[in-house]
Each structure stands twice: as C-alpha cells, then as structure tokens.
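Next up: some structures, all given as structure tokens.
Here chain A shows up in two complexes: once beside chain B, once beside chain C.
== the complex of A and B ==
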C-alpha cells in the first residue's frame, strides 16, 4: 500500500469515524433511520390496507327456502361478508345512502323451486358503487362465492343443475391480492429515499452552518475524502434500513423473497448511492439545514411516493407524468424489488433497472461533486 | 531578514472579487517563531489574507509561501504544515473534547498511539487535561477556544493561523490564551494572529496594520507608537472637554487632539508643553474639573493616527 493511499484511507476513516460518532450521539438520526421505517411499515402494512374483509351485507330473502338460506350462509361463512340486516327487496338504496350496508343480497321467491327443477336459480347482488375499487373487490369475492355454491349444488343435485361455468381468473405472484406484498417494495423505496436524502443533506449542510467546512478545507482532507467519508456511514445505515424493512416485511407481512438476495442488495446499494448524491447536491446548494430539510423532503418524498409506482400504477398516469416518472430513480427500485421479491426475476429482467439506477447515481454524484468544488474557491 | 528563515513570505499578494480589491499588493515576511499580529477593521482584508495564506483562496496576483510552500501552486503542502483556527472556532459541539482532537488528528494523517499520546500532551498543554470526556457544547467559550487551539496545534504545525481567536471571550480567558500563544512561539511555532482587541496586540512581536486592503504600517508595537504617535500623550478628564478641545488645536506644541472614551487624548511635543499648561488652556476654554494624567501612547492611538478613527467604530460597521 502506497503512502498516498494510506493517508487517503486514514483521512476518509477519520471523517467516517466522526460521522459515526455524530450518528450515535444524535438519537434523532437513529430514530429517523431505523425506528421510523419500521413504524411506517407497520402503519402502512396494517392501516393503509386495500384488502377488504367484513363487508357489511344486508340480506333480502324473499324465498325463505333451505336453498336460499344456504346461499346466504355461503356468503357469511367466508367471514368476508357480515350480515348486518334482514331487509325487504327495495331497501337497498336506503341502506346504501345511510352507509348501513355495502352490498345487498336479494333472493326472489321461487329461488329454491327453480333450483329444484334444475333451472338456474336467480339471485341478485346489489353493490354500493360509490367507491369503485371496493365495489370491484366485492363483486369479485361474491362471484367466487357464488361459483363455489353452484359447484356444491351441482354435486348435490347430481348434474340436474345447469353445469357451472368455470370462469377462472388467476392472480399470479400475489394470489391473495394482499396489499402488504404490493406495498412493501414501494415502501422500502420511499423509506430509503427519504432517509438517505434527508440525512446527507442535513449532515453536510450542518458543516456549512457550523463553519467547520472551512476548517476542513484548511486541513489536508480533500473534497472527495470529505464526500466519501460523509457518505459511507449513511450508506451503511441505509443498507441496514433496507435489511430491516425486508425483515419486517418477511416476518410480519409474509412478503416472500423469491429471487437472489445479492441482486436485492445491488439494487438497494445503487439506489442509495443516488439518493445520497441527491442529498449532497441539495446541501451544497442550500448550505443551511432548514432549507436542506425542506428541499430534501420535497425532492425525495413526493416523487418516491407518487411517481415511483409504489402506490399508484405508472401505466395509469397521464402521459406527461409517465415521462416524468422515468426520471425518478425510486420507480426502478420499486420495479426491481417487486421483481426480485415477488417474481424471483433474475439479472436478465432487472438489468435495465440496475443500469438506470447506476446512471442516476453517477450523474447526480458528478453534479454534486462539481458543485461542491465550485462553492469553495 | 530574508527568505531562508522566514515562515511566511508575502510578495505583492493581491485578491480581487470582481471590481473590488480585498487585498491590494501586500508584502511582508514573518520569521520563524514570531508572533505576528494582523490588525484592521472588518472588511480591511484580514480574513482574505489569511484565506490566501492557508491555501483556501488562490491569489489573483502576487505570491506567498508558507513554511517554504507556495500557496498558489501547492496549497495541499501548505495545508499539511499549518494549523488554522477559524473565526467561529468550528468545533463539533456534540462530540466530547477528546473526540474533537482525535478527529482533527486523523484529518492531518495521525493515527494510533502517536495520536493518542499527542492528544493527551496537547490537552495538558492547554489545561484541558481533565475535560477530555466532557461534551464540547456544554463548555464555556473560553474553554472551547483553548480546545480549538489544541486542535490547531495537535499535528505540530510550523505555522499557526488564528483568525480572531479571542472574539467573544472574557478578559481573563483572553489573558490565559495569550500565555498559551507566547509559550507556543517560544518553542519555535510561528503565530499569525488577527484581532480586534488592540490591548492584546501588544503581545505581538510585530504588527501589520491593514486599511482598505493595504498594509499601511508594519513594525514592532514600540516602533509603531514612536512613528505614528510621536511626543507625549496627555490624558485629560473632566467636563465640557469636547467643546474646549478646539482651543488646543493649532496651538504650538500640540500634535493632535482626539476624543478617547469620555476624555481627551492630547499629544504634545516632548518638552514643549507641560500638563499644567494644557489643563489651564482647557479650563480657560470652558472645561471644568480638568484632570490631566501622563499616559503612554497605546496601539489605539496608533490606530487613530493611521486610520483617523477608532478601530471599534469601524469594526461595528460591518458585523
């Protein structure tokens, strides 16, 4: 090892060591990096669930036969529907207006008789369509229940009933359509982004604010050594964060890890470097912690939450937003993470994501370093 | 004095910012082990000079070398051989005293046992021995200032630059600090120090006076006083002095009359006027309760003579 290299490493180590001490002494940093992500993950995972259960169902049984009771029972047995009221056939609208029920199952008189004759039994399900997403899910669940019930009847009646139509829709990768599995990769991107950008922006802006940046420049520590020494501890912290989020995702929400863990961390690492570079750029431009915080939050939180596909599918966005989303590194991480976690995708499929993340990281670091140089004559 | 033994050599050092010339053709040499005071109001070019000499700012023209290294061509070599204490003594307040030292040691390429032993040595030297574990932010200004000095001298620099090191520190702590600086210089370290406090500038072996980017005077405190404030200084106290002072101006033997605090500084030619005559003249012009003391000229008088107004008045103009 040459003397030059030894000194370089020594100075980077001094910078990093100091940064680690700062982190240790500031509970807020550790909270922001390690506690907040877990809390948010639990909050989002449990609270912001797109899953529906305990759908309030009103039943209007005009038939009052064993067959009609069997159908109503099929709905409530699944625990996805809960009977809230027994009503007349025309009460649906009133119930929906009051929000007393989300769906009404109406069985006309003669339902059981029709079935007994081997004719299709008719039952209606009225659904409150005010919330389209919910309505769709209710319809899907109802369809599945009705299908199962008709299969049971077919077996019971020995083929006398009309042969059930098999409409099979398969949801792959997330068969139970559980929100957590969809959310965790997106949340990981969002949490990594906000943590990395904010923490670097704060630490470097802090050096400017304190005046210690000038002190550093008057020492033999070079610009690049300052940047490297500052970024390394936060890179470590970010990787720890990623690990934590994935561990919570796997243990609490059963998010699978189907692909290669190496690939997972390669994605995380490249993304983090880009985000740290973004934080660096912000702090070089802002030079005080208040502005750096606001710029950091805005530039990391909003795009990584709204334009990354973490919550809203990019394909459904208007074209200008779709174009904008191409520039958001979080979208490549979200896509990549979903690929590795849920589909077990390999390097072949995720290559473009890795390349995009690497490009962003290189570009933003180059820009930040260039600006950093120029700020100090 | 010439280059061979000089720690700092400035030769026509100039720095412009756009059309504004912050430092204008400044030349001087500082021999090894000297305490060199750099005085001037804010905006006079003191900090810009320091920033050029420490390799933070490239000169627009002219040259300077520090510890034998050219500041324009080899700023990195300069940085390795100097210690620098910036105006706000930017320590890391959340870290303990000793960690601050160890960090700056690492920044200057020190490590291991050598670094730890030297840190203890410097802590003892700056009388911080038992505060090594204290969190820096909890310490009073005077203690932080000594720690900042400790950080600046940890790596045994040949030259130390102190930019307003005593700003905002109480008088007792300031005296202790200057004791440290003198001890440092007696061991061969060259000290380049800027200050607003003219009383403490008496501690410097030589003083350079900056006015509007130019070095207008450079000498020992005694020689500066002899040159710029010749004669005897009489300190007049009493009431109605300012109005009465007009009667003294232009009088034979009177070299200058300047308001000084609540009193008057009257400079007279040696042997030409006695204290009693000045008192009588002031009383005749309407002053009451006049008392006259003979005083030695201070650097404040020098500054008044050079700049035409007190240093503090200018210092207050641009915070």
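== the complex of A and C ==
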C-alpha cells in the first residue's frame, strides 16, 4: 500500500519536474506571467479612479454682472472645474462634439438683477451626457456649488451662516476613500484567473497540438498522475502571483491585511485549484490553443471582471445575471479577500465563500478528469 | 498553348487572391474559431451592457436613531423614501450599526445622536453621521452623495422656512438647472456600449493575429508558404484581409445589438465610423503582427497580447474617465489607439459628430495604424528572410 503511494508520488513528481523544466526552458513566459500582474496592478491602482477634478467647463456669461462673475468664480474656485473657454449660449453642442468641454454654464442677461430683487438667480448647466460617469459627477458637484453659493450670499446679507442640518460622513475600512484599496482585492481574482485558467489551458492544449500527449499516455504514468503533475507547478506559480499582488498592494498602495493570513491563502488556494480545473477542462475540450484562449477569455476572464463584483456591484444587475454571478468563483474570492484584507472578517463570515470555492474546485476537477479519460479511451 | 503568365501587378493580385482564399478556407475550416470570432463579441456586448450599471439604488442601510424624537423620525423617513437608501435593519446604537457593517448586513448606516430633534427645534445646527462601507466603492459613493444631496436640500428648505417664520426677506438663492445632452437619463449602457466596440475588436483581432502567426511558425507552415513564389508582403496582406472582414462584420453585429437591445442612438454619419474602424483595425492587426514577431510560441503571443490589450482597455477612457487619471497616465493615453477609437465611436453614435469634429481622432488612428503596420512588417520580413 505504501509502496503504491510512493510510486504514485514519484510519478507525479516526475510529471511536475517535466513541467517545471518546460517553464524554465521558456523563461519569457515565466517573466510575462509574473510581471503582468504587477504591471496591471500598478496601472489599475493609479489609473482607475472615478473621482474627477479639473473638469473642463465653458462659460457663457450673457449677464456680465458682478453676481454672474461670482457664480462662474464659484465653479472654478472649487478646483473641480477649469474654465476652458468663454462662449455664446448656443455653442455647447459644437464644443461637446469636439470634446473641447464637458459642461457649459449658461447665465442669461438678468441673472444679477433677479438676485438683487430677492428672486432666485437662474443659471443653466449644459452637460455632455455621452460620458455618463463624468456627467453624474458634474451634476453632483454643480448642485453642491450652487448650494454653497446660495449660503454665501445669505451670509453676506447677515445671519443664518450656520446650516440647519450638518452631515458628517465616515468611510469605514477605507477612510481616505482611495480606489486602489478596494481595487486590489478585486483585481487579485482577475489576475489569478488569467494566469491559472489560460496558462494551463494553453500548456495542455499545446501538448495535444504537438501530439506529445499521446506519448505521455504510452508511458506508465496514469491519467490522474498526469493531471496532478501538470497542475502542481501552475498552482505554485499562481500562489507566487497571489503573493506578489498582495506584496505590491501592501507596499505601494498601503492595502492592509487586517484578518488572518491563513484564511487568505486558503481562499487563494481553493480559487486557484478551481481555475486550474477550468483551464484543464477547456484544454481537454478544445485541444487547440487558439480555441482554448477564446474559450478561456469568454468563460473565465469576462465573468471574473464583470460578474465578480470587483468593479460593478452585483446587487445592481438584472436578476438572470445575478443568478449567473452565483456560479462565478471569482465572486467568492473577491468577497473573501475584501473581508480578510479590509474588514478583518473571520471564518464565521467567510465560511460560505470557502465552501463555495471548494465546491466549484471539486466539481470542475471531477468533470475535467472524467472528460480527460473519456477523450483518450 | 500555355496561358500567358501574369506579371507585375497582375501577378501580385493573383497571389493575393490565392492567399486570401487559403486563409479564409483555413479560418472557416475550424467552425469553433469562427464561432468564437462572431459569437464572442456579441456575448460581450450584451453582457457588458447588462452587467455594468453605475446607477445604484436600494443600498441596504442600518439606522440607529438615538434621538427618537419626532424631528429625527421625520428626517429619516424622508431620507429613506428617497430611493437610494433602503432600510435594512435598525440598530440600538452606533457600535451596533458598526457591527452590521462588519457582518455585511448593511452597506451604509445613519446614526442620529441624542439631541438632534432638540437642536433642530431650537434652530441650532443639528448634526448626524453617515457611515459607509468603503470596501464597496460604488455603493458607498451613491450612499454618501444621496445623503449629502438630501440633507443639503433639507437645510436650504428649513432655512427658507425659518426666515419666512421670522418675517424676514427670503435668502438669495442660486438655482443651477442642469440639462444633460445626448443621454438625458444618463443610462450607463448607452455610453458604455460604444466603448465596448473598441474593446471587443482589439480582443478579437490582436490576440487572434498574434497567436495565429505564432502557431504557423510553431508548426512550420509559414516556411512552406515562403518557398512558393508568393512575396512576403503579399502573404501578409492576404493573411490580414479575412480578419479585417471579420472585424467589420463584428462591428455591424455589435451595432445592431446595441441599437436594438440598449437603444443606443446612431446620430452621426456611419461613413466616419466605418473609416475609423478600418484605420483602427490596421492598428490592432499591426500590434498583433508585431507581438507575433517578438514571440517564439503561442503562449508568449497570448501573454504579450494581453499585456497590450488590458492596459490599452484600461487607459482608453471606456470604463473610467481619462480626466480622472494622474497627469503622466493621461499622457500615456495619447499613445493608445483604443482611446481614439472609443472617442470616435462615442462621438459619431451619441453626439452626432461628423468628420470635421473627429478629424484629430481619424488622423491619430491613421498615423498609428501606418506606423505600427510598417514597423511590424519590417520585423516580420526580417525574421523570415
């Protein structure tokens, strides 16, 4: 019995050794696999932000009174808007079509006079809605600026300087509301999925393409040993990627690790096993690297980005997509990583995530192994 | 009598036709690849259009009303009736609300301290606290801005009431009425989907070209074709042609899906979009060709392709505004063909922009396409000869 186990381990080790040699012989792939996550993380961390400042604003001041200049000044003084042009009231569309401005503040003649008479001063803000994210922020900022300007004018007339209600907002787990801190856990799932699914799918599909898989079957190594031996080095590579991503996140973006590190690696390990299994299944079905890539992109990359909650909230999606998202393992990893890293959640809260990841891993590996055997027999 | 052999330009054309025929047959032979090239972009368009939505409402909110007065109950009721925040649970105090956030049972919490109602009634500034879960940025942003908007408006209304009650003239008020052009209801899909066009074209063409050529090199078929009289340049152009055709077809397919499913308007001239697409395809195919010349196998081509595609998508302004990036990254986006094509697609479809408005984008795409294709062709020929 122990002899059989020893032989089993020996053969798995031999397969892994062969795969490690493959990876070593092609160091460029190794570099790419390790450099890509770090590079992407840096780019995402610095580049992905929805917080705008210096929005380009054109001003159409038909009033030219001190009051209208004060309102225009309130927009630019906030540093959230920058005046790019003085235009006529009908130039907005021309500016928007060229992308020369994102909003136009239109003040008609009579704005200052109305305010002086105690009537509301009416101005219009034309917003380029082709970029809805920017437009939404412009609307919010403009509202706040108009309110602040009203308060300032009221204070000038004496009395009522203090607002009747004041809200203090506190962002927990991420007090400075920096996007990198929430992005790193979300991205870790995406980057791990790219590495694990596509690299395994490609390496195994490559063996089919070149015909070396048949040679392996002719050797005394069993199917299960082939699978295990091939996947183990990539599991190691994936864990290395996870470590790198976390290290870069912690050192460059100050992403904290508030929970247990063991739990973190348990989540990562289970997720990786599932992704490797998915890569294996794809390669067994495709047997062709080009097809395997496209299938991998469709079945793992897109869902890991779109349906995992990494960038876009799942609660907001239509019901069928919400149901589909339940089948996406990245979703559980993203939730788990956010819990461990940012909230310091424990096993009690993240147990369901662990179970879901384990279930996916077992199911997909069983399916892949079954298909693997049938294709050969 | 033997037929006259075509010479010069005629010869090149004959060779070109033959290569295109061979490539088309080869691509069509594997139905799965064809399926991926045609179905994948469609699936992506639909998935993105439905999945990505930044308009968040019904954020689960914990409420801790430590004041319990009529004033605090009234304000909370109005806040929750607004639609963005949804009452998930009531908490007994601030610490309990914190725990609800810890346990994922709420994404935001409103804590009203004791004395809120008394302050409000006495005309002092009444303070309350909103706590949001910063691990979920879209929800926390929506909750923060909903609370700020609601209480800002309430403040103004209360101030007017108080002035009127005191018999004083109303405070001056500035009203800035927004008018949103092109996408008045600010639907995320309408502005996102044209950008997706740029994304799916680059995924389909760049990676497929890079891997396809690497594969031919691996298998050795490239060398076989080269011993035939076909010139390398003709071979290259012939190889690219079916992918240009597939890319254009994908654009048509995605456009149809966009207009039917997501009601994306087509306001500008489609000719400008077609010209932009053609130039853009030159860039993406050129990049794919270039990657294949620096890779020795399909795995490297794939990784290299991704190393280009992912940053290019990220720095294109499709998902996050370019203006929100740091200055040095904004400069980097000028080197990104996706940026110009995404701007062009949005301009034509949503803003109704014409050639004169989009001349800079078209020019940039043309320069980029020619430059990268020339560079890649040079490298390709050097590696072959």
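Assume the second predicted complex is superposed on the first by the 258 of 377 C-alpha atoms of A that agree within 3 Å, B and C clash if a C-alpha of one lies under 4 Å from a C-alpha of the other, contacts with A are read in each partner's own complex, and residues count from 1 in each chain.
The rule is short, and it goes like this: a contact is a pair of C-beta atoms (placed from the backbone, for glycine too) under 8 Å apart; a residue touches a chain by one contact, two chains touch by 3 or more.
Computed from a prediction, not measured in an experiment: that's the story for all the values here.
Contacts of A:140 after superposition on the shared chain: chain C is touched, whereas chain B is not.
Contacts of A:311 after superposition on the shared chain: chain C is touched, whereas chain B is not.
In the superposition on chain A, contact of A:41 is made with neither chain B nor chain C. Look at A:345: by the touch rule set out above, it reaches chain C but stays clear of chain B.
Looking at the shared chain after the overlay, A:26 reaches both chain B and chain C. When both complexes are overlaid on chain A, the residue A:290 reaches chain C alone and has no touch with chain B. Of the two partner chains placed by the overlay, neither chain B nor chain C lies in contact with A:58.
By the touch criterion defined above, A:330 reaches neither chain B nor chain C. Residue contacts after overlaying the shared chain place A:272 against neither chain B nor chain C. Here chain B and chain C are compared by how many residues of chain A each touches, and C touches more. Common to the chain B and chain C contact sets on chain A are residues 26. Against chain B, in their complex, chain A makes its touches with residues 7, 10-11, 13-15, 17-18, 21-22, 25-26, 210-222, 376-377.
Against chain A, in their complex, chain C makes its touches with residues 30, 32-33, 36-37, 40, 43-44, 47-48, 50-58, 75, 98, 101-104, 120, 123-141, 144-145, 147-149, 151-156, 158-159, 162-163, 168-184, 186-188, 190-192, 203, 207-208, 211-212, 215, 295-300, 302-304, 306-307, 310-311, 314-315, 317, 319-321, 323-326, 329, 343, 346-347, 350-354, 357. Partner chain A is touched in their complex by these residues of chain B: 54-58, 76, 79-80, 82, 84, 86-88, 90-95, 99, 103-109, 111. Every residue of chain A that touches chain C in the complex is listed here, in rising order: 26, 28-29, 32-33, 36, 39-40, 43-44, 46-52, 54-56, 71, 92-93, 96-99, 102, 105, 115, 118, 120-136, 138-140, 142-147, 149-150, 153-154, 157, 159-160, 162-175, 177, 179, 181-182, 185, 194, 198-199, 202-203, 206, 286, 288-291, 293-295, 297-298, 302, 306-307, 311-313, 315-318, 321, 338-339, 342-343, 345, 349.
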